[in-house]
Structures are given as C-alpha cells and as structure tokens.
Amino acid sequence: MTSAPVASGRRPAVTALRRFLRAPTAVIGLALMALLILGAVFAREIAPQNPFDLAAIDVLDARLPPGSASMSGDITYWLGTDGQGRDLFSAILYGLRTSLTVGVGSALLAGILGILLGLIAAWSGGIVDALIMRLVDLIMSLPSILVALLMLALLGRGIGNVVLTLVLLEWAYYARTARAQALVERKRDYFEAARGLGLPTYRILLRHVLPNCLPPLLVIAALQVARAITLEATLSFLGLGAPVTQPSLGLLIANGFQFMLSGEYWISFFPGLTLLLAIVAINLVGDRLREVLDPRALR
Amino acid sequence: MTAPLLELRHLRTRFRTDRGDLDAVRDVSFTLRAGETLGLVGESGSGKSVTGFSIMGLIDPPGRIVGGEILFRGHDLTKLDEESLRRLRGNRIAMVFQDPMMTLNPVLRISTQMIETIRAHESIDEASARVRARDALGAMGIPSPEARLDAYPHQLSGGMRQRVAIAIALINKPDLVIADEPTTALDVSIQAQILAEVQQLTREAGTALLWITHDLSVIAGIADEIAVMYAGRIVEQGGVDAVLDRPSHPYTAGLIGSLPGASAPGSMLVQIPGTTPDMVDPPQGCAFGPRCARRAEDCARQPGFTEGAHRLRCFHPLSGPASPAEVAA
Amino acid sequence: MTTKPTTTAPALETRNVSRRFGRAEGLAVRLHLARRRPVIHALDGIDLTIPTGEFVGLVGESGSGKSTLGRIAAGLLSPSDGAVSVFGRDPQGDRSVHRDVQLIFQDPQASLNPRMRVASAIGEAPLVHGIVGRAELDDYVCAQMRRAGLDPAYRQRFPHQFSGGQRQRISIARALAMQPRFLVCDESVASLDVSIQAQILNLFMQLRRDLDLTYLFISHDLRVVQHVADRVVIMYLGRIVEDAPARQFFAHPNHPYTQGLLAEIPDLKQRRRVYAPVKGEIPSPAAPPPGCHFHPRCPVAFDRCRIERPALREIAPGHRSACHLNDAPEGERRAPTGEIA
C-alpha cells in the first residue's frame, strides 16, 4: 500500500476563490456587486415607496432635489424625485431589478445556447463545425445596436423581446470560446480515457469536457452580463427597450434627460451613477476572474 | 594533483512557495576536475537540476541561493555580479537543457544565434564566426551544416534541435558543460548518436562535463564519477565502477535494483516502497529513512558525508566505507 | 450482452490495417470551409495477432505508429483500411468491446479529469455500464483502489493531490474497474521515476498473474520490454519490421534496424563505452522513403531495398522479419550480429 497523497490541497474551485480574494479591487467590486444585487432582489422591502403604484405617488412632489421631505412628510427623498413625483431611490431599486434581470437572464440563456452549439461544433467537426462557426462570424460582425434596434422595431418593446434580441447577439461569443476550449480539451488524454471507458457522448461532453471549459466561459459570462446591461440601457434610453410599466435604469436616465439643462440633474444623474457602478463592479470581478482562472496559473 | 575546476561547498538553494520554504538543494558539496565527467543522478525532486541551475546562476525569484559556495577556478560564483556571470555563461561555462528550445530562440535563424554567441565573448568578424558556427554544426554530426545555418529552429527535428543547442553550448570551447537530461526526450537511436558526439567532443577539448540525469544506464556509459542525490543531498559519490558495482547506500542499491535490466526477465523488480518526500516538510534526520529497510533509531539524526574516494551519507551502509559521524542538520 | 462468447478468439487480430491522418478531401474542404492538411500514413498494412494471455511488447521510435496501433486496439480509433477484431468482435461496431479492453496512458496527470474526485473517476464507468449498482459502488471503488495499491481512505481527493506514481495507480484502478481482459499500456511507465517505474511494472506483472490479463505493452524502452514481455514487436514508420518471442528476439535479432536498436540501449554494465549508433534521422511519416522505409539508414541496404517493400515473413517458428536479406540464399546470408559496423 502506498503512502498518503503528497498534497493536502483543496478542490480547484476553492483554490481559485482564495486567490480571487487576494486582490483588493476585486473584493471591492464583489462587495459593490453584492450590494447592488441585494438592493435589486429586496427592492420591494427596501424601497420607501412603490414607484409604480399611482396611488402612492404625489404629483406635487415632482422634481424635488435630493434630501427633500415629501409634502405629506412621510418620506424623505434622499435622491430627490422625478417629473412625476416618484422617489428616485425607489425607482432606481426597481430599475436595477429590471436591468439585472435582463442582463443576467440574457447572458444565462445565451450561455446555454452558445456553449451547446460550441460543444457540438467541436465534437462534430467538418461541415457542422464549419456552418456553426461561419454563423458565429456573421453574428459577431454585425453592429449589435443596429440589429437590436431593427429587431425591437419589428417585435415591439417588452422585457421578453429585449432578452430574445440580446441572446441572439450574445450566444456567438460563448460558442466561439466553448468550441476553442473544447478543441483543446479534446486533445487531452482524459478525454480519450473517457471514450475508452465507453461512456456515452453526451456524458463525456457534459461531465468531462464542459467542467474543464468553464473557467474562460465564466469570464465571458461576467463581461457579457455587463455588455447586456449596457445594451439594454441604450435601447431603453432610445425608447425601444423596457416598457414604461417596468422602467430599467436606461429608461430612468431618459426620463430625466430633458431636465438636465434646467439644473435638475439628479433625475438622470443617480440612475446613471448606479448603472456606472454596476458595470464597473462587474468588470472588476470579471477581470480578476480572468486572472485567477487563467489555465497557466491554475496548473 | 590539479586544482579542481569546479568546487561546490555546502550549496543550499531555497524556493519560496505558497506552503512555505522549500530547500531544493540542502547541502551539496563536490569537486570536478578539468576533463572529468561527473554524473549527477537523482529522481524528480532530488534537487539535481536545481544544483545545475544554481551553478549557472540561473535561479530566479522566488528561488535563491541561501548558503554555501560555488568555486569556479577559485572564484565564488555566488558572489559575482550579473555582468561577470554573463561573461562566464556561454563562454567558460555552458548549459544544455532537456528542451533545446530553452537555448534556441524560435524567431531567429540558427546562424544568427550561433554567431551572436561567438561574438558576445570574442571580437571576431562575422564571416569567420559563420565558418566556425558551420564547423561546430558539422562536428555535432549535422548533415549539410551550411544549409542548416539558415534554418529556423522549427524547421528542424527534435534531435536536430538538440544537436544545434549542444553545438552552441560547445562553440566557445567552455571549460565546463552542464548537461541537464539532454537526451531524455529523444528517441533511442538519436540519443545514442548525441551521446557519441558529446563524448567525443568533450574528450578532444578536455571539457569537464556535469551530466544531470535520472537514468543510471546512460551515466554508466559516459561518466568517470557518479553522485547520487536524494532529497537535496548527495547520499553517495564515487568512481562509476565503485558506485554501480558496490553500491553502499540503501537508496543507490534500491535504484540499481529497480532497473529492469538488472534482474531476470519476468521476475519481480526490487522496489523502493513509498514516494519521494515532500520537500517543504522533509523527514527529520536521514530523508531516505521512512523508505529504508535498514532504518534504525539513529537514522532520526542527519548522517554526515564521509571523506575519501567513495563518499557516503548513511549510518547503516550495505558495505564499503565506514559509517560517518553525526552532523548537525 | 448480445455478443457470442468467443473463448478461442485472440485478444487482438489485425488484418492489413492501415491508418491515415490528415484531410485531403471532404465536403468542408471542397466548400473552402476547412483547410486541407497533409496526409500522414501512421499505419501501413499491419498484420498482428495477440493470443489471449500473452504479454506483447510493442517497441518503436517517434513516427513508428505504435500509439496509433494501440488506440485502434482499444477501439479509440478506426482503421482507414483493413479489419480489426478484439476477442472476435469489431471494436467499431460493438461498444461492449470497451469493457474487455482498456488503455493505460503515458501521463497519468493528463489522463485523469482534473475536476473529478478519484472515487468518481474510478466508479463512473462501471456505474454507467451497469457493472455495479449504486449501493455497492463505494465498496467496489475501494476494492479497485486496494488492488492497484492505493489506500481507499483517499478516494474523495482530487488527482492533483497525488504523486505521479499514485496517479498512475489511479488510472490503473479506473481501468480495472471495467473488469477488462486486455490492457493496452501506452508508454505507461515512461514518465515515472525509476523507483516508481519498478513499482508499476511489478503491479502489471502481479495483475497479469491474478487476473489472467493479455497485454499490449507499448514502449520505447527495450530494457523494460525485455523484462516484462513474452513477445516483442518492433515497428518503424508505420510498419512492423520484426516480431519474435522475447528470448529469441534478444538472442538473435534479425532486422538491421532491430540490431542497431539493441546495440544502442544504454547498459548499466557497459562503462565508458563508445556508442556506435544507427546513422541519420528518422524520416517524417508524411513522406516516408520508398521501398523499405529503413533503407536510407541501413548499413546493408542494396538496390532492391530502395524499390520494393520487404514482406513480413516467418524466418523461424514464431519469428517474423521484414528484410530482403532473408531472401538471399542460405550461404550468402549475413550472420546475425549484435552491432553494426
């Protein structure tokens, strides 16, 4: 009987997490992200006001500067109010919720679709691979904002349609990375070993190849969430994204835009700042993920 | 007796790791005379390659030499500045690596790299340097050397690349060549060719050779003297016949016994139980103790290195030199 | 199991098996969607039979095609031409072959999925194939580990936490869990330290005795093969050049290439030796020399060797060699020598 294992090491994910936490900027990004996500998830509980309950809004409170008290005296508008007298803080929490849902939802769906197509391309090779990858090239060469505008003009606005548009534009990034990574993993002995054990193809792809392809895909996912949120904000700002009943951060910015020049900066500024913080946080985390999950550093 | 060309005294090289300090070389002393070939044998993690890199001054952070002396012609290399070291490297001391691409630059032609190496240490015009480069390739058994000079490394086979790397190492007629497993990655027939050529060239020029390998059989064919390393220390050293025919350290004996050529076909091979120690947390006393059949109580202390022609680091040797006194670890 | 049990069928039988790599044709190439790649003849007309219970050492240098042959035997590659049968079944058509033949790789680090615990790595396939039920899985995994010389207490660890030798034991345990009758070992001890190599070789010999296994043992190291094999097969650039019982092979090598190889093995007993190596480079398998592939490096080549491929034919009972010199009349035949001038 041989002796004990040489290293008392942990599982790879734990090692990666510990290395992740060693960078202060990443920890700040992660904390910021957690704060924003908590705010979005518990919007209903945290917000002093339901900004879309018309009964709760008083038009007399319209365009109050930050820190003002409401006419009724119940609420202090820490971030001011918008043109309809909505509490901006509450509106931002609800808007963040919409933005994050669209961003994460589309990134997730695009991820599943893209990874599946990427794995299929890598596995089949030949004509199937060629067709999928040329489609990827096509999608990636299209100007995304133009395609999105066109699609939403056709489909009409609405959360579902925005997500659909974003998925269509985003899956190609996952597919390209998943395929490239799977081709690398495919050359490794453990892939052949799994085939030699007579395991079914789907099992080899999902249980053996996919987990080893995940690190770079996680990085892509983080950056794609940021891209989706920005794109959705742009579309909403242009009036083609989220519906008025579910305003996202982009729509909030657009709503306050007309008041910018009259000195009532806060109506656009605070939603914009929130959007900026969200994007910066996600990018900080994504960049650190890229460093930590680099296969050269991992092995 | 001539003064030694190279003398290592209690060399200690340390690497900083996530888990703590790792002393890859813990106490290595040996001497090498001009024209001699010393085979430095060990398994992975024994510190044999780190010893070679230490002599070349190629230990980069997080590693550094923390103790001992490396005397080359009487000068301590550990105290030399980078510029003086650079002048020695590739000129008086050269190294051949297991992977020839450690020597060769993939984007430069062979001729550029060879001429550069010559002219870095000698003022000589380019045409004469080129002639010398061509002759060096020819001497390493490379066919049509003139044509190969203009090739890029990737246009050559693995064996050819290693020949070029060796030709570069030998081109300034160094006093000492450190060869770190240069034939391990090569096919048997190519390995034999390279062994033959290195042997011939170093013999003709009187070059001292430090041949680092895990393969006792290769060493048997080329070395005058053998030093066996285990866990950062030399445990046995002596003439090639003495060490291979009358191994005294249980580790050396186990290593020889585990070679498939040493016992009758189909019989069970002698096997050393266990695995090599974790060098971040090596065993107390004799590092081979936990795997040793002759272990006794006193093995919990570190055995010293005996003096003489056949040196040993063991309290309970199989035969040969008297057992050493204990030293502070 | 739908297959007919064929107890008399050899473990491996290949008839005129060839394998080419690269892509010169195909729809994707014609539509300019994929690049054309040079065609490499990795295997060229291999005839080999391994009876059950035999330990065959397959030796060759780079480009010899030995690994390709191993992968075809293990059902991981299909031949471009020719017929392969493993225990009388076609490994391409019949997936149940995978239970009978298992491949052990050179690099245990690479052949184990780094993100899978040892217990799952060993237990996954037997569970999927229904060799063992979920309830008995843990005991089954422990038994395999013990048989491969591992402490089952560490089955929840990851492969990177083990040493090289232990990892090779894990991959052996994984193969044994399929209850194979035939092991293909592709340079399985080449990356291990000498003392660990001895442990693994002993394990292979022990398993052979305990489980009645057949081996195709691929190696570049003739010393290792001499120790473990009953029969030695030598390949050069995709072809078998010699095939003989081990004792006969090492005593009377026939082919000039084989004689050269044997002369070059570094030997512990030969001190300060002068090497007399085979001259020249190994040619690229993308453009092998015509006739006998070895003729440019052969010290005794003559005109016929440059044109005609020598047939692999029997020169003594159980001893096959592919050299034109064997066709020469008895008197002219060169005496088998250990070395080449």
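Labels A, B and C are assigned to the chains in the order they are written; within every chain, residues are numbered from 1.
In the analysis below, a contact is a pair of C-beta atoms (placed from the backbone, for glycine too) under 8 Å apart; a residue touches a chain by one contact, two chains touch by 3 or more.
Note that the structure is predicted; figures quoted are calculated from it, not measured.
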| said: When I count C-beta pairs in contact, which pair ends up with more: A-C or B-C? | reply: B-C
| task | Select the chain whose centre, defined as the mean of its C-alpha atoms, is least distant from the mean of all protein C-alpha atoms. | result | C
| Centroid distance [mean C-alpha coordinates] between chain B and chain A, Å | 54
| query | When the centre of a chain is set as the mean of its C-alpha atoms, what distance in Å lies between chain A and chain C? | reply | 50
| request: Let me have the rounded angstrom distance from the C-alpha centre of chain B over to the C-alpha centre of chain C, please. | output: 32
| remark: Touching two or more other chains in chain C are residues 163, 165-166, 199
| In chain A, which residues are in touch with two or more of the other chains? | 2, 6-7
| Of all the residues in chain B, which ones touch at least 2 other chains? | 275
| field | Residues of chain A touching chain C in the complex | value | 1-2, 4-9, 11-12, 126-127, 129-131, 134, 188-190, 192-200, 203, 207-208, 211-212, 299
| Hey, which residues of chain C end up touching chain B in the complex? | 61-62, 163-166, 193-199, 201-202, 205-206, 220-224, 226-228, 246, 260-261, 264-282
| note | chain C contacts chain A in the complex at 26-28, 31, 33-34, 71, 74-76, 95-96, 98-99, 102-103, 105-107, 110-116, 124-125, 128-129, 146, 149-151, 154, 157-158, 160-163, 165-166, 169, 171, 174, 178, 199
| remark: Residue set of chain B touching chain C in the complex reads 43-44, 143, 157-160, 187-193, 195-196, 199, 214-218, 220-222, 224, 240-241, 244, 254-263, 265-266, 268-272, 275-276
